[in-house]
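Across the two complexes that follow, subunit A remains constant while its partner is subunit B and subsequently subunit C.
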Partner chain A sequence: MEDSVSIVGRVLRASTTGFDCGTRSNRIDDRHNFGAFVRVPISDDGSAYAIGLIYAIRIDDDPLARELVMATNIDQATLMDQRDNRMVPVEICALNVGYIYNGMMFHSLPPRPPLSLSEVVLCHAGEVYDFTQRCDYFRLVLQASEVPSDELIAAALRYASYAYPENERYQFLVRCGRTLANLLANDLKRLSHVLTLIRPDG
Partner chain B sequence: MSLEFNKLVSQVQTMGRFLGHRDQSLSTRLDLALQLFYAATDLDAVHQRIELVRRSSVSGYRGAAALDEVICQTFDRPPMPPSGTLVAADGSQIYPDQHSPALYYLINLGWFTCYYGETRLPDQATEPTLYYSDNEILDADGRLINNITVNARRSVAEMQALAKQAWFLRGEARPLVCLHDGGLLKFFGANEVTDANKIEADYMEALQRLQDAQALLAGYLDKPRSTYIISLLHLLSLDPSQINDLNLKTNGELEGLADIYLMSRVLRPGQRSAIMTQNSPQNREYASRNPDYEIAFFYLNVSDDVRPAIARVDIPLWVARNKRAVDDLHAILMAQCAIQGRRHYPYALTRADELAYVSSSEKQQLNELINIEMLKNRVESEASDKLQTKGLARGSRRQHRIGSR
Partner chain C sequence: MTSTNGVENLEHWFPRETRRGASVYSAEEGMRLGVVVGGSLSKGLVVKLDPQQTIEDLAVGRYVVVRGENKRFFCMITDIALDSPNPAIQSDPPEIVNDPFLRDVYIGTAAYGKLYAAPMLAIDDAEDAPRPVKTIPGHFMPVLNASVEDVNAVFGREDATHFNVGAPLELEETQINLDLKRLVERSIGVFGKSGTGKSFLTRMLLAGIIARGQAVNLIFDMHNDYGWEVTDERGPRAKGLKQLFPTKVSIITLDPESARRRNVRPDFEVKLGYDEIEPEDIAMLRETMGLSDAMIDAAYTLSKHWGKQWVRRLIEITAEDIEEIEAKTPTRAGTLAALQRRLQRFERWEFLVPESTGDTVQQILTKLDNGTSVVLEFGRYGNSLEAYILVANYLTRRIHEKYVERVEKALGDEALEPPQLLITIEEAHKFLDPRIASQTIFGIIARELRKYKVTLLVVDQRPSGIDEEVMSQIGTRVTALLDNERDINAVLSGISGAAGLREVLARLDTKQQAIIMGHAVPMPVVVKTRTYDEAFYAAVTENNLKPDTIKQARQRLGNSGDRRIR
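Showing the complex of A and B:
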């Protein structure tokens, strides 16, 4: 069982390329940031985890919520009722970028998806640091369809940079920038955009 | 076979013309009703007329009876009480089905409580109850109980839930408003409802408990079709010599009008009508059990703009006699009806309904659970052929896709 503080949600649906998890709307906070690294168990014995990047956070409406939006003002009790009592789940979508197996990290799709209701947690700083020592997962992000891949890779790198000591952060971003320059060498507009997004002084 | 809309189009057009014509004809009658309404300023005269139909051999009058407010009076929205508690209860059901694998019915109650005067998370709860024993699902002749009986039992269960909550919340801020979805004057006909006497006794007991908890009980009816005030206006328009069952069988020149049309013209946003009671044997029966149980009503324009939204609010006399309680109820209902934007309906009732509602997929899941338990207990479980073949024919179709199984 994971520390409840780091639980992002529980898996609703999954495949080897990614998974969606759900949580209650009142629990949305900085654990659910776009570009955050999350992990979810893919084996019962805790030896294997899929690692994903949060690429979308969705909050569905319903007819009642739509009517409330039309009201002149919503009192605090109604707001609390909607957020705390009503079953309006927030869906968080993650793209698989790697997996952990017996403590080793791999930058490729996990061998199997997580099961429904598995706990999705934030990767702690040490895991993010270890995982981002290599840049092989970039290709998985840049080639992902139906994902804002440029913004996602930039957000993930900015997120990961905070797992590094301050004196290593600049070097980390420069190293990632060089890898991106290789991968996007045939699309300079795209490369320029991504580099702007991760520029250390930006 | 799906609905053949091409065969319906001309019928819908005819229906539209019919409704348009009816509206034009109602407009003339409404003008007459408004004249009679605004002329009814003498409360004593109205009381005398009501006494006449109550004391004479006339038995057919089912219209309104005035209490202590002039019937054409209107009351503006009062200020909100500084604090208060509102609990709304609603219920839904799965009716017994003789074609289902097992005979049962279900009543699911939902209640929602919110608190005024403090920022506090509203409370909510549901209570589903399964009924399956012979004495619950069969009548005295061993036949499966009908849906009307289930509805009656659900209504009583809703009132009992309100009574239970009122007692539970007795220490909370006052006023304590208990909101029921629908009218408070229930008719449990012995010919249609199994154990009607017991159901009625239980209902009365719940009323008693609500009164003991000093709750402001109210039944809320959206878009009511009642004609109580129209019938009263018709009665007032008659010469005393014309008052007989035959003339009271219809509303004469006002026939076809409902109170809602009148109130839409009379009540400005936020206003309520005078409080009246309905003159009916049923209400007399309530009053005979306890004078405080007689059901009164008022109409309320819950809209906050020019388009009226008329609701009828039923209250027992123990509430109706207390002007402060009526004001508090009036203000709280207006506040509730303002929450949902364009939909002028009490938010608490919407939430109680949401909590109580049993969807068809939930019904299906419950049936599967029951099936599993029956199998575990070696009871043969099989839906009737009728139900199963209906399911086959009504099932959705699947597309052919290359590579799909």
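Showing the complex of A and C:
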């Protein structure tokens, strides 16, 4: 069982390219940031995990929410009750960018998706640090469809940079920027936009 | 691939200290410039520079080493370029001047430096001896700055036959050693436009050759640059060869007055006889004296008609003589008059005497035989190109004749052969012009190579004026800055990988830099030449304090000293 502090949610649906997990709306906090690194077991024995980047947080409606939106003079306690105890989960969507298998980290799609209700947790700083030593996952992000890939890679890098000691942070961002420059050499406007997003102090 | 022992224990498996900054070339990181990304043997290698390299620190002419799988390739940087994978960046360049992050990201990725390197030599790891390059390193092999060890592996160390002429660019702690034995085996060319230090280069080479006893020299010293001290443009007076090697160098002069003024004590004064001037000597002056074909034909006719005294008689020609010549030969009076007017200039030259004593050539030969190099100073006649050409041609032809005679008599017996002779001439294009090179003695010497143990050291600022065939026979070319396209082409003709050297040649410094290429060096090399100063004097004279005996000198020059052929 993972430390409950770092639990993001439980898997609702999944495929090899990504997974969606759900949680109670009252648990939404800075564990669910856009661009955060999460992991989820893809085997029962704990030897394999998929690693994903949160690229969307979706809050769906339901009939009661629709009615309450339309209503006037609603009691504050009712609103809070509806928000905290509603039966529709907040959905967090993650894009698979790698996996851990028998202790090895791979920057490619996991061999199989996580099963439903598997516990999705936030990667801790050490894992993020180790996973981001190489930049091979960039291509998975940049080529992902239906994902705001430029914003996602920028948010992920900004997120990962905090896993680095302060004196290494600039070099980390430069290294990632250089990889992006190689990958996006044919699309200089896009490159320029992403670099603007990850520029330190920017 | 990174690894964990269980997700929680990454630090155990990959301690951060060792994981960061590790490089397969860590030992060589400081010297690594980039990687080979393309190229060919004929056109040279293309190297993509590493991002941390500052392109401004590179320079054409510098050595780099490519570490291949089994070989080290020695290359010379021939060009430096800026490139980008996407040309669109030129129309919308990023603003990097005030943004160090963008600069660090863009430089080396979306915009990078490239250098072109001409492979020159390869050292097989198993053999450890440099060989001419016949292949190229594979893709992505690391390119490093050449180290002192690399340069030493190629150019060896200074010894009895190797002479330190300077240091390669940016590697001043090492030295380039010329193989003097090979240098004097074939003709040598020292080229460079005016004011680039040709005379200093030549004097340095001659000092090396004399110090190591690899050849005796006959130097036609047009501007009194070699024998006694000369004024260095940069300051103090520089020592001449006679001052460096008092017992191995002899100064002779055409102009004793000039010698006296400069406090030079020549060994003897050169006198040439009118009776020994031959039509071939006059033909050499075609361009400098403005002689027509008809005049040269007339010279041959007069020589045939009047014999040895033809020059003297022409200068003092009478009306009867003209009538006689007109009657007996197809030569016209107008031609004779024109030729006479030109040859009357000879009367102003005091070194010309009516009859040759025959001593001058013999005296020079005796000195050469004794291992003494001879510097012939022209004094005030140095400003007269006609006098220079006439004298150089006159003496060289006769000395060469004697050499041919003696070498043929020796029949391959080294003991009987005369010492290797190196003749230095300046303004060489006047002697080796394509129109006359096939007939002149200098053309002949240049072409026949070492067969008769005479080679040339030609000093010139217009190599394009030298006959192509002669140029192709020049074994070692020492070239200071040249900027005329035709001169550059002439110097590089017949040099493999010449296209790459073109840029190097046109961008040499105006002082103390030269490319040496050809027979005496394993690969073309740009040198910052040694400073001609007290340290140089000490270095060339240190083994020279005890003068050789005549016998020792002759033995070293290829003559046992036991027998002498006259």
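Worth pointing out:
Here is the rule we use: the second predicted complex is superposed on the first by the 199 of 202 C-alpha atoms of A that agree within 3 Å, B and C clash if a C-alpha of one lies under 4 Å from a C-alpha of the other, contacts with A are read in each partner's own complex, and residues count from 1 in each chain.
What we mean here is this: a contact is a pair of C-beta atoms (placed from the backbone, for glycine too) under 8 Å apart; a residue touches a chain by one contact, two chains touch by 3 or more.
All figures in this text were calculated on a predicted structure; none of them were measured in a lab.
After superposition on subunit A, the partners subunit B and subunit C are seen to fit next to each other with no clash. Once the two complexes are laid over each other on the shared chain, residue contacts for A:M104 go to subunit C alone; subunit B is not touched. Of the two partner chains placed by superposition, A:D44 touches none, neither subunit B nor subunit C. Contact with subunit C, but none with subunit B, is seen for A:N182 once the two complexes are overlaid on the shared chain. Of the two partner chains placed by superposition, only subunit B is touched by A:N85; subunit C is not. For the combined arrangement built by superposing the two complexes, subunit A sits at the apex of an angle of 160 degrees to subunit B and subunit C, based on C-alpha centres and given in steps of 10.
Of the two partner chains placed by superposition, only subunit C is touched by A:D130; subunit B is not. In the superposed model, A:E67 makes contact with subunit B only, not with subunit C.
For subunit A, the partner touching the most residues, choosing from subunit B and subunit C, is C.
Residue contacts after overlaying the shared chain place A:E166 against neither subunit B nor subunit C. Applying the stated contact rule after C-alpha superposition, one finds that A:A77 touches subunit B and leaves subunit C untouched.
Taking all C-alpha atoms of subunit B against all those of subunit C in the superposed arrangement, the shortest distance found is 37 Å. Shared interface residues of subunit A (contacting subunit B in one complex, subunit C in the other): none.
Subunit A meets subunit C in the complex at residues 39, 49, 100, 103-106, 126-127, 129-131, 133-134, 168, 170, 173-174, 177-178, 180-182, 185-186, 188, 191-192, 195, 199-200, 202.
Contacts from subunit A toward subunit B in the complex involve residues 64, 67-72, 74-78, 80-81, 84-86. By the touch criterion stated above, subunit B contacts subunit A in their complex at residues 114-115, 119-122, 124, 338-343, 347, 350-351, 354. The residues of subunit C lying in touch with subunit A in their complex are 1-8, 10-11, 13-14, 16, 19-20, 51, 84-86, 88-89, 92, 94, 99, 101-102, 104-106, 108-110.
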